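Just dropping this structure here.
The chains carry the letters A, B and C, assigned in the order they are written, with residues numbered from 1 in each.
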C-alpha cells in the first residue's frame, strides 16, 4: 500500500439504526427503569466513584442506547447507592447496575 | 341589519377562541357575529384528531362547541374588508356585503401553521416520506396519505420546526409541539408497535397538566427514545428512506439514522391575516410579531384601541385550554366594557 | 423524490444574468488542475456563442485561497479584490465573472460586508489608493462562470454534437452534481437554485440529456476544505470526507460527476486514486473510477470538442468509458500528446484504480 503520510479516518458518527442495542433491550426487560432516564445527570454528579473512575450511570444508560460497551464504567461502581437517593425518576439504580453486570457476565 | 334588540359583537375568527367567546357572549345576552374565512368553523383544532392530555376527540370538541353557538350569526367564507371608527364604536364591513355597527370587536384570528417547506434542509414537499404534525393528524382522522408507509419500522419526530428559529423569523417557542410530538409518537407506536421511534429535541418543554406523565409513559410503555439534538440535514436514501443527521449532544457525537417516516413539528407563527387586521384597526404589534396586548400580564385580552379585544393565539402561542380560558375572559371583558358604556 | 417540490424551491433562487459583455477573471489553480477548462470557456462563449468576454493579463489572485487558508486577513483580500474591481472599471465593464467558486464566494462576501459596513469599504478604497493609485466601481452584476454556462445551456444543447445519453441503451446518463461550498452555502440567494437543491449544474445535465441522481451526502463538502488539505496533518480528514461521499454515492450507479468548483473537481477526481490505494475500492464499473468533470469540459464534450483538447488526459480517473458511452470519438494513442503533439509522457498507472 502506498504511504501517503495520511490515512482515511474512521468516522465517530453513531449510526443509530445500525448500532446493536440488544444489551439495552435485555436490561430494560429485567429493569424497566432503564427506559425512563431523562439524562438529568444527578447520578453522575453525586457518584462517589465518578470523579476518579469515569463512572456515570447516565452515561452507562445512554451508552447502551447507542450500542457502546460500558463495562469499564460499570466496574467503577462501588454500589454505595447515592445515585438511587438522588434520581428524580426513582430508578432502582442498584438493581439496574447489578442486572447489567449479570448480563455482561 | 339584524332584527334583534341584542347588542352586536363582531368576532373575527371562527376557531375555538372565537367559538368559545361566542358561546359566552350568547349566555351574557349579546348577539355575537362570527366571521370566518374558511368554509367551516373550528380552525386548526377542527382538523386535529385527538387532544392531550386526555386524548379526547378534537372533532367532538368542535362539534359540541358548534352546537353551543347555533344561535349566533355565523358568516363562513367571509373576510373583514374594513373596520372604521364611528363616533361610538366601529363599523365592520364584510366581504359578503354585510355591514355591522358594533361597540365591541373580538379578534380571534389565531396563528398560521409554520410552512415547513421554508426549512429547505428538511425536504418537506421534496422527499417522499417527510410530513408535518398536521399531516399526521389528518391521517389519524382517516385521510389517506401516500407518504406514510404501510408498516414503518423507524419513525423520527423533529421538534421546533420553525419555532425558536430566529432565521425563520420566529423566536418564540410554540409551546404545544413538544407535547404533540410525545403524543403522536405514542399514537404511532399504538398503530405500529414494532416501529422504533425517536424524538429529536433541543429542550423538552413539557409544562402542562399531565404532560410529563405522557413523557414518562412514552419512554416506559412505548420505548420512545429521545435524542437531544436538532436535525440539521435530511436526505433521501435508497428506496426512499429518509436519512437524517443530528448531533447527539448528550454523547457529543454526530449521529445518523435512516427512517421510514419523518414527522416535522411545525410550530405556530403569526397569521398574516392578523397583520392585515392590525393595519385596518390601527392595533399595535408586539416585538414578537403577534398582536400587542395592553399588558402581557393583567390585560392580555385588551388592545390599544377601545372596544377591540383579543383571544387566543393572535397574541402569542397558546394551548387549547389556554385559548378557551382566554376566550371566556375576553367575553367577560367585553361584557364589562359594554355595561360600563350603558 | 417529488420533482415539483424542487422546482418550487428553484423558483425562489434565480438571479438576473446579463446576456453579454462580461469581464472574465481566471482562477489561481484551475489551469494547473484542468488546463483546458478556462480556455474552453472563452472559446465556447466567444467563438460559438458570439459573446463579448474580456480578460486582462493584469489580473492576479483574488486572495480567496489565502483568506480561506487563514494565511491573510480579510482586509487584505478586500484590498486585492478592490484592485481587481479597479482593473474592471478601467476597461469599462460592469459584469464580473470569476471562474473560481471560492473567488465568487469571496467577491460576494466582500460586497455584502461592504454593504453592511460602508466605513470598511471607504477604508479599503483609501488603502487601494495609497497602494497603487487606483479607484474602482463595484460590479453591477457578479456571476460565476457556471452561472453563465447555465444561462446559455439551452443554446449549447441546440448546438450539441453529443447528448448525455447512453449510445447503446438510449437511456439518459446517471449523473451527480456537486457545487462548491463557496458557491451557495454562504449566500444561497446569490446562487441558481440555492444550497439545498442547487440547480446550476443540474440544469446543465437536464438540458444536455442526462439524468440528475441525488444521493444522501450530495451536499457534503468535497473534503478539500483549504487548511484541512494544506496542513498535511489534517489531510486525512480531507480524503475521509471525499470517501464518505463516494460511499454514499456507491449504490446509485452514478456514471459521472459534474462540478463547478476547482477544488471539488480536483479532489473528487484525485482522491479516488488515494482511496483505491488505501482501501482497494473503486466506485465506477469494472475497476474504473467515476469521472469528474468541470462544466466547461462537459459543455465542450457536448459541443463536440476533441477530449484531449479539453485536457481530459489530465484527469486521474479514466474518462474513456464515459466517452464510449456517449459516443465521443477519440484517438487513444493521442491521449498523452499535448499542444502541438508534444509528448507529455505516460504517467505511471495506479495499483487499484483502472486507468489507461
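Following the convention adopted for this analysis, a contact is a pair of C-beta atoms (placed from the backbone, for glycine too) under 8 Å apart; a residue touches a chain by one contact, two chains touch by 3 or more.
What you are looking at is a predicted structure, and each value in this text was computed from that prediction instead of being measured.
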Farthest chain (mean CA position) relative to chain B: C
Result of counting contacting C-beta pairs for A-C and A-B, higher pair: A-B
Centre distance in Å when chain B and chain C are each reduced to the mean of their C-alpha atoms: 46
Between chain B and chain A, distance of the C-alpha-averaged centres to the nearest whole Å: 39
Approximate Å spacing (C-alpha centroids) for the pair chain A, chain C: 47
Residues of chain A whose C-beta touches two or more other chains: 11
Residues on chain C engaged by chain B in the complex (per definition of touch): 1-2, 5-6, 8-9, 194, 196-197, 214-219, 251-252
Chain C partner contacts - residues on chain B that touch it in the complex: 117, 120-121, 123-128, 233, 235-238, 240, 243
Residues of chain A that touch chain B when the two form their complex: 11-17, 28, 32, 35-36, 38-39, 62-63, 65-66, 89
Interfacial residue positions of chain A with respect to chain C in the complex: 1-2, 4-9, 11
Partner chain A, residues of chain C touching it in the complex: 232-233, 235-237, 239-240, 243-244, 274-275, 277-279, 351
